Amino acid sequence: MTKMTMVQALNLALKQEMEKDDSVILLGEDVGRDGGVFRVTEGLMDQFGEQRVVDTPLAESAIVGMSIGMAAYGLKPVCEIQFSGFSYQNFHQIENHAARLRQRSQGRYPMSLVLRAPYGGGVRALEHHSESREAYWAHTPGLKMVIPSGPRNARALMVSAIRDPDPVIFYEAKALYRAFREEVPEEEETLPIGRPQLVREGKDLTMISYGAMLRPTLEAAEVLRERDGALAEVIDLLTISPLDEEILVKSVQKTGRAVIVHEAPRSFGPGAEIVARLMEKAFFFLQAPIERVAGFDIVIPLFAREKSYIPSVERIVAAAGRTLKN
Amino acid sequence: MTKMTMVQALNLALKQEMEKDDSVILLGEDVGRDGGVFRVTEGLMDQFGEQRVVDTPLAESAIVGMSIGMAAYGLKPVCEIQFSGFSYQNFHQIENHAARLRQRSQGRYPMSLVLRAPYGGGVRALEHHSESREAYWAHTPGLKMVIPSGPRNARALMVSAIRDPDPVIFYEAKALYRAFREEVPEEEETLPIGRPQLVREGKDLTMISYGAMLRPTLEAAEVLRERDGALAEVIDLLTISPLDEEILVKSVQKTGRAVIVHEAPRSFGPGAEIVARLMEKAFFFLQAPIERVAGFDIVIPLFAREKSYIPSVERIVAAAGRTLKN
Amino acid sequence: MPRTPIALSERIEYLAILNEKGQLDAELEPDISGEMLLRLYRAMLVGRRFDERLLDLQRQGRIGTFPPIKGQEAAQLGAVAHLRPGDWMVPSFRETAAELWRGRTLESVIICNNGFSEGAVISPDHNDLPVSVPVGSQILHAVGLGWAARYRKKDDIVMTFFGDGATSEGDFHEGMNFGAVFQVPVVFVCQNNQWAISTPVARQTRSATIAQKAIAYGIPGIQVDGNDILAVWAAAKEATDRARAGGGPTLIECLTYRVMMHTTADDPKRYRTEAEVETWRGRDPLTRFQKYLLDKGVLSGHDQLELDTEVLQEIQRAVDNAEKQMQIMGNPLDMFNHVYAELPPYLAGQREELARELATGKEVPS
Amino acid sequence: MPRTPIALSERIEYLAILNEKGQLDAELEPDISGEMLLRLYRAMLVGRRFDERLLDLQRQGRIGTFPPIKGQEAAQLGAVAHLRPGDWMVPSFRETAAELWRGRTLESVIICNNGFSEGAVISPDHNDLPVSVPVGSQILHAVGLGWAARYRKKDDIVMTFFGDGATSEGDFHEGMNFGAVFQVPVVFVCQNNQWAISTPVARQTRSATIAQKAIAYGIPGIQVDGNDILAVWAAAKEATDRARAGGGPTLIECLTYRVMMHTTADDPKRYRTEAEVETWRGRDPLTRFQKYLLDKGVLSGHDQLELDTEVLQEIQRAVDNAEKQMQIMGNPLDMFNHVYAELPPYLAGQREELARELATGKEVPS
């Protein structure tokens, strides 16, 4: 095992899958020579050549549309959209085709395609570089929407995403890229797509989060324990959609309380669906209204004010405190 | 008052606003000579000329991007996207700019822009012509998302949308275009954007819907009264976002039960947000889990099977029945 | 350092071989075998008669909205005839004749147009994509397929079709550009049928031809009389040969005409004159080709009559067949098929909900 | 009906006036007043020195990521100088020199680059759009503005800037096409600085020039030496005059070079050689123009020194000013401003939530 950043872990996943399977092709803006603007694909063009790591012209719809053709041919394209804020240029290719080609061809064509995109705030980036809009994809039938929360699960989920027969939108939190290191085994590791993970056991409250928000959520859980003696169970979604609510429901049936944390705008955001699922399956266990700690329903501000936008440990603790008071 | 279809009522709204204000400009594919594929803009090019009703080349991003420029100049473009299924071609123009230009220019430029698009199923249309994905826009800060449920409110809301200083996505249910007629007054009528309407009073249950689903919801309410003597209160959202939950919350505080009905896929759909709002503000009044009756999380089927996809009166009644049993 | 004219490396040409009266420019006549000529003729005939029959079915409410192809048979068949089964055809939505050439059954077209996705099947021994409704979007898939074929060192090539209207979409541009930069083996065939619903091509673009747009991408472009199957054949042969030989993509503009309505939901009288349509009826690709074949002695008057009957019978059988199949189609649960390779749990739950609902005969629980 | 070459109505030309050594092609010398020449020179100087200062500030952590413009001053200023205040400039994100010309303050640039949206202000007496990061997207706004100006019967024109990379985006294509079809008064200025981050222009497009893409839209296109402010001036004069006279849009390709990194987050050593950069340093637009002005006697060695000091002082004042302003900026509640004309109720509630949170000094309620 080596200690790796998330960038390195993702790089490892790509490298190993490319070594194993010559149908895995990387493409996108600056992914080759430059190694990607965040260096996730660093060194891969040197190792695999220009035929497998493809620097494309600057056009997102083309990157995705071309990937769709490659996937229909039976390749496994992993395309990069430089920032998720520019993935709307290819929205129609995803909605109209990637999410449907299996269905539109009555199962004839597979659509093993991964769309990687950095998302979220916290790195003093430019306008349009900090959004968190996974709900768009999550609401689109035919897609899978995956967001890892650290180097090790990022690597394992990326391997699973590449092997998945369906299109996977894979958001990578910029704030996590180099935030911390984790032991990542050299040998292959996968994680099932569509399965959230219990990452901290508790009994008084269920906290649900993912991506860059998992760590402040865990910190908040720790504050709650230290300060109030309240034991929070924490669940890392990992897959936003298709959302499997089983583990969430079980936890809330036990704790009767829940707080959901994400950076995405609150209204019509991922948290709403989780509330709705818990309403459907755990209503009679609920002892307090479920709280959502989320981005505000505004354009995410430029970086000087980002800190007040993105959910903080304090804000999470406060929400949990309200929930526990009921 | 004349009895009008929704197509005629929308046409009236456009015509009258264009007569009053020469900054109102219509543009889109086939909106001029042809009067729009659903005839909503019929006769307007004859009346107002090619400078005010603009047939554009076939490019949705350009239609919206051009409208953004027009709005920044101070005009009030009303652009048509021929089917909402092709509004993803312009998703980036809406997300990156229309929803933000006011903010991006520190309030300097208004963004009085209406994007009209037919949505939803039920008219035996082609692939990509029947989707209901209002949640994409509703989750986008800076936008307003409006869906009328009949000729009269369509006319009034269209007038308000045109006068609104912010960008409005205006979805028109194809299934309603010629489904029925309503009295529509010749004189001006507006409806506030951002305000749902109570359309049927009741005490046992709150039913929330909008657009084409309002009528089956009302029918279901009638079935419940006749069959079970249960009195359902029915609310027509009209504005999906920004969602004002006040009237929803009041109703559920009274009834303790709610069913939400929409065509859009259930997961991460508009219903989820309504559940979450009611959770926040009416939790302690709830006597049963809130039910969502919605499209399935699949690609909407071609028309032969559409009837099983779109929520039916029976399905709504069944959900209400479950809610009332608790 | 004066103002220097920039010499362009691309030349744009116009090609026509068989004129409106079916008269041949013998110098340019392509060398096509008698057998192939007859196959092409039969395919044009099937395309024409089937289109007419679909219109009847639609008017009788036996199928839904569909886009007639009448008048565009030559543009489609002259091009697609150069593909091998293992090649890829990436259609737009108005290429029924080409799809049938590629082994799609008449039945499947009827079934699809009647709202059953089971009709969207691709002939198992052909590598084609299904009909694509979002205008221009499929062009990019063709580029990806071509890229993949080359990567796999196959000599498969790809042919994609789109309309004049499609050339306004960003995806057309991005597709042409990627195709050119990556030198993929793709033939871009634009059926310039003069209209995009109610928009005439002169309002679609200010360029005098679609073909000259190739200059923007540094690839060869050619404009042909798209109602002249020999011209289409010749241009497409050059382009497919080039693609197969690794010479990269070509843009072919076929000048043709949408003789019918855009789709059966459209009323072209609102925006164009009968006189214009008449002019183009006079340029019909089928009668023109027929005359050529008769002149050439490849076809006799007798063959012609026999073929007519045969084709009509084939279509009738297909209609009967399709209608029989549709009676046993229609399990609503099938709409959950193929959304994912495997149904995720929550969605499986939704399928069960529907199954229960169907089982109780839509009984309302009380 | 043989193969006929199609004659193109568009001619694509190349224009250069002042060569790399600052030597003039006197025949082509545009007639620019001495005052304007000095204004242009000063603006180039401010653009250059400010860019250098921003880089320092960024390296010191006093501002965030920003895109340097060094080497592209002539391409921007030679073009934008033809605009009247009431005209519209629609920038991409690398037009700081043009923005300053149009009355944007140095302070606002610093403030914006330090993450405060208050910096995104447009000079009140100029009609410009703010910086636009999504590549190519702004081109369409220019078309809409131009359309609106013509509709209002104003003789306002619009100039929009974009890079070579932007020409690959669908929005470039759709914008050029709409602009051409509607004959809007828009000048499309492509700063072909040879790179889009790590992608060289040869990999961006297979066409030999960007200018020839105009042929696809049936509008005039011209390629100029973008480091030669006289050539840019001359081409832009022609294009702006044409636009103002109702002659429709023009595409100008300015051949220039991105001498620095893409943004301060980029390391160009990863993908290009120092030798290439050196070559282009030798074509510097500022020294070239300086030599011309000295030769012409419009500028003296003394003026030059004085100007240098003056400009540095101006920049220093702006930095001080901006840093002072930023100390009192930063009420997080301001991020709720301008999202809507009026805050909707639920959002007003969110603002209150934040206000309460701020008021309690992030105290955690227990």
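In order of appearance the chains are A, B, C and D, and numbering begins at 1 in each one.
Here is the rule we go by: a contact is a pair of C-beta atoms (placed from the backbone, for glycine too) under 8 Å apart; a residue touches a chain by one contact, two chains touch by 3 or more.
Values in this document were obtained by computation on a predicted structure and should not be read as measured data.
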Original post:
Between B-D, B-C or A-C, which shows the same interface as A-D, counting it as a repeat when over half of the contact pairs match?
Top reply: B-C
**OP:** Return the chain whose centre of C-alpha atoms lies at maximal distance from the corresponding centre of subunit D.
**Re:** C
**OP:** Mind checking the centre-to-centre distance between subunit A and subunit B? Centres are C-alpha means, answer in whole Å.
**Re:** 30
Original post:
In angstrom, rounded to a whole number, how far apart do the mean CA points of subunit B and subunit C lie?
Top reply: 35
**OP:** Take the average of all CA coordinates in subunit A, do the same for subunit C, and state the distance between these two points in whole angstrom.
**Re:** 40
Original post:
Roughly how many whole angstrom separate the Cα centroids of subunit C and subunit D?
Top reply: 43
**OP:** Could you check subunit C for residues that touch two or more other chains and list them?
**Re:** 117, 134, 168-171, 174, 177, 181, 203-205, 339, 346-347
Subject >> Multi-partner residues of subunit B (each touching 2 or more other chains) >> reply: 57, 59, 61-62, 85-86, 89, 92, 96, 103-104, 127-128, 141-142, 242-243, 267, 296-299
Original post:
What part of subunit A is in contact with subunit B in the complex they form?
Top reply: 85-86, 88-89, 91-92, 94-96, 99-100, 103-104, 127-128, 133, 135-136, 138-142, 241-243, 264-265, 267-273, 275-276, 279-280, 283-284, 286, 288-292, 296-299
Original post:
For subunit C, which residues are in contact with subunit B within the complex?
Top reply: 64-65, 93, 112, 114-117, 131, 133-136, 165-166, 168-171, 196-199, 203-205, 263, 265-266, 270-271, 326, 329-330, 332, 334-336, 339, 346-347, 350-351, 354, 357-358, 362, 364-366
Original post:
Which residues of subunit C touch subunit A in their complex?
Top reply: 90, 117-118, 120-122, 129-130, 132, 134, 137, 139-149, 151-152, 170-171, 174-175, 177-178, 181, 337-341, 344-347
**OP:** Sort out for me which residues of subunit A touch subunit D in the complex.
**Re:** 29-30, 32-35, 37, 55, 57-62, 85-86, 89, 124-129, 223, 227-228, 266-267, 296-299, 301-309, 312, 314-315, 317-318, 321-322
Original post:
Which part of subunit D faces subunit C closely enough to touch in the complex?
Top reply: 1-6, 8-9, 11-17, 19, 25, 27-28, 168-174, 177, 180-181, 183, 203-209, 211-213, 215-219, 223, 225
